[in-house]
Amino acid sequence: MAEMTTKKNRFQNGKWKNYISYIVIIIFLAILIIINLTKGLGFSDKSTLPRIAFSCILAVSLNLVVGFLGELSLGHAGFMCVGAYLGCYTANVLRTSGNIPELVTIILSMLVAGVVAAVFGFIIGLPALRLKGDYLAIATLAFGEIVRCIFKNLPFFGGAMGMSTKLYDGNTLFIIAFITLLFVVFCCQNLINSKHGRAVVAIRDNEIAAKAMGINVTYYKLLIFMVAAFFAGMAGVLYGATIGTIRQETFSYNYSIEILVMVVLGGMGSINGSLIAAAVITWLNITLQSQLSGALAPVKSIVYALILIIIVVFSNAPAMKGFRESINPRNWRKKTEDAGKIKNDAAAWDRIPTKIRMDDPLSVDTRTTYADSPVPPDVVVKNRDELYVKEETGKEEE
Amino acid sequence: MAEYLLETQDLGISFGGLKAVQHANIKIKKGQIYGMVGPNGAGKTTIFNMLTGVYLPTTGTFFLDGEELKGKTQEQINHKGIARTFQNIRLFSNMSVIRNVMVGLHNQPQYKCSFLTSTFRLPKHFRVEREMREHAREILRVFGLEEERNALACNLPYGQQRKLEIARALATNPKLILLDEPAAGMNPQETADLVRIVKKIRDEFDLTVLLIEHDMKFVSTICEELTVLNFGTVLIQGDTETCLNDPEVIKAYIGG
Amino acid sequence: MAIAINGLSLGAIYALIALGYTMVYGIAKMLNFAHGDVIMVGAYIIYTMCTFTWNLGSMPIWLSSLISFVVAVAVCTILGIVIEKVAYKPLRGASPLAALITAIGVSYLLQGIAQLIWGADQRTISILDRLGTVSLGDVVIKWSAIITVVVGAIIMVCLVLFIKRTRTGRAMLAVSEDKGAAQMMGVNVNAIVSTTFAIGSGLATFASLFYLPITSVSPTLGAMPGIKAFAAAVIGGIGSIPGAMLGGVLLGVVEVVCNSISAVASYTTAIEFALLIIILLVRPIGLLGKKRRVKV
């Protein structure tokens, strides 16, 4: 009996959210493979797909830092840069040394890329222990630029000309890329949904209290920076295999910002959101780029910029709150129990959700909620405490 | 085994030229419920901050169970056995109630589990998670919060948030628990409930309690001994009755 | 000597841009990533106006250049206010990160529009360069560098006086300290924020004028000085006006000195940013930043 309730609750409480990304990625990959085998994917699709995959990896890993740890990092492309150079260099060395199977080569090179990037993640994690907010943002940005500047001047990495590596065949690359993505999503989800993830979110929510609870803030900050850097390094190898020539200009702070945009638009602290946003933005970018060329090329950045501004203003402006709520599908269902629950990522936006929540059932939601509410309004107002209990129990998990 | 669980020796701190606390000598026996009272700005919370490693004392030192803890970090002090609550509630507000308590359980040796174990979902991860959840539920049961365990912490009524903070501190398995104005903002009924809970956790969990409170009725009901502070110095120490009837104390409070 | 003057002049440019960053940060608590692109727009306006008026040929060159510059200042000031009203004001009260993202959006937008109007190719124009050079003994110094330093210094003194002495300046200080309290004390916060953006953008136009002799005009002109000035503002302690000046001058001198030594010239950017990180590690709030104690 007890066992059954737990199972049922687990399903109701949105644990499926953790698995849906795997399912979607696997189905997507399966469909692609089938299409490729029967009809054959177009050349542009074959180059777009790996890009989507490594953008997703970058966004998910950056989300660990920005969304879950709550530190603003603008140097993610720097880790990718380190990974791309070191990983592809390793791959080149392995390939010249002879009989190593290609699969082992790519796995080994990703591993090397990840480890070296993680070392850099440790280095940049150190300032993160002392710096806060915007100061950390500029420090990470500076780090990215330093890395880029150094790689530009190292002759055995090709210098300003870039380093060439094996350009992968489009038929296998997208499969490798998506399997890597699956691995990264698996690791990130598991890490976040564990006691360690809880500690990290506790640090984000209230660092002082986390310290007072004996959470080792130093350890977790460094850990998250290193894990994020590790995955970014792996993405760097995929990037090298997609492009064929690694050029340091790619990894400028603009690229870091682009990844940050994916994370923010997808929703801070939402891995699924990051995946969707990264896929859509990358696709949009590539499509705009291929459709608008020559004199129309700037239109691409204008369209991109306008979409960005409109989405952010719409989804964050305090003045838009009423409108947002009116189109929120959750309010269509008009269930009282939904009034108090805010998606985790939405809550991450403003760290003081109390303001919103306390007023929700009384003011903003009055029209939508009370109309079909089983609880008459006067009762709600009188026994506010009771209302909350009813709303919340059995909601989050277990 | 030291005679006193907590002993401060000449503890003092100054911010710039301001001597916020001077010559604080507080001795708390094991198992006591000890109170710290005084007007606003007397330095009570500052003492808490020194005891938990938020501030480094400029003079003096303090011992927990005979071990000097001055100069240790907040995390280390917590591991040594001092847990606290905050005057302005500091819950992990975007987490559910039970997860708040589970964060408190994080460092208990029996729930050790490396991040790789969790990431690759080895069997140990599931066992640890299950046991932590069970343990957290037990703690919540003591506070009557079991029903609310899946609510978001920030959605709890104020009084329950205060209780949750104590529950979370208790989860770190401390020897000494510091409660900063636990009854603030509670109605008389809730306060009475709190008295019962504090006594209960003291007995059940083998705790020593040091608390700051302005509600004198609460203090006189629950505290066995008191330290009265005024302007950063100790005005009087001793058993509750004597302290509260001391003319100096009354003068400090009502400014006679 | 030449290095010193060149360093100071680059430093003055960075400081002028950094002031824009720091003032906006102080008042609106957001990083205005589009600030660098305002410089770019200023440069393009100056370029266009100058080539246009020079071709007319009816005015002396100095007068037409001056008119072009004034027009550029006016356009950028208005641009600053418009950006604030359209992109940032709706987000006041939302997460600072949201404002940061729109700022990035505005930055892309300005670059895209500039590229659409003027094309992607680089153009050069000499305005201050026309003044030639002056030789003191052996060293030859550009007049443009000297003017940059002198005018930069005058502007900064004026700005400090403006903030300390005028009503609007004090209102700015009040708003940066506590927006809500300032509003309750009768300060028109909207007006103050607009003024801040206007001043910041106006200063940016000065920076574009002074930057023209050492660069060519292109849609990405603002990116690098923008990011370096941002670094300068942080080095000095973001939100602090003297800090922005100090940070700007420091970074400018370091850049010119590093560029003059051939062994490290290619690592200049890395050295500058490493300097930033080191300073932040020693003083996490920047050189002149104000420390705020978190109350527990």
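In this document, chain identifiers A, B and C correspond to the written order of the chains, with residue numbering beginning at 1 in each.
In this text, contacts are C-beta pairs under 8 Å (C-beta built on N, C-alpha and C of every residue); 3 or more make two chains touch, one makes a residue touch a chain.
Keep in mind that this is a model prediction, so the values were computed, not measured.
Minimum number of contact steps separating chain A from chain B: 1.
Centroid analysis (C-alpha atoms only) places C farthest from chain B. Geometrically, the chain at the heart of the complex, using CA-atom means, is A.
Per-chain CA centroids place chain A at a distance of 38 Å from chain B. Mean C-alpha position of chain A lies 33 Å from that of chain C. The centroid of the Cα atoms in chain B and the matching centroid in chain C are 50 Å apart. Shared contact sites, meaning residues of chain A that touch two or more other chains, fall at 208. Residue positions 296 of chain C each touch two or more of the other chains. Under the contact definition stated at the top, the residues of chain B that touch 2 or more other chains are 54, 86.
Contact residues of chain A toward chain B in the complex are 13, 187, 190-191, 194-199, 201-202, 205-206, 208-217, 223, 340-342, 344, 347-348, 351-354, 357, 384-385, 388-389, 391-398. Within the complex, the chain A residues that touch chain C are 72, 126-127, 130-135, 137-139, 141-143, 145-146, 149-150, 152-153, 208, 253-254, 257, 260-261, 264-265, 268, 297-302, 304-306, 308-309, 312-313, 315-320, 349-350. Of all the residues in chain B, the ones that touch chain A in their complex are 52, 54, 73-75, 78-79, 83-84, 86, 90-96, 98-99, 102-104, 106-107, 111, 113, 115, 118-121, 125, 128-129, 132-133, 147-152, 154-157, 168-169, 171-172.
Across the complex, chain C meets chain A through its residues 25, 31, 33, 87, 90-98, 101-102, 104-109, 111-116, 120, 219, 223, 227, 230-231, 234, 238, 266-267, 269-270, 273-274, 276-277, 280-281, 284-286, 294, 296.
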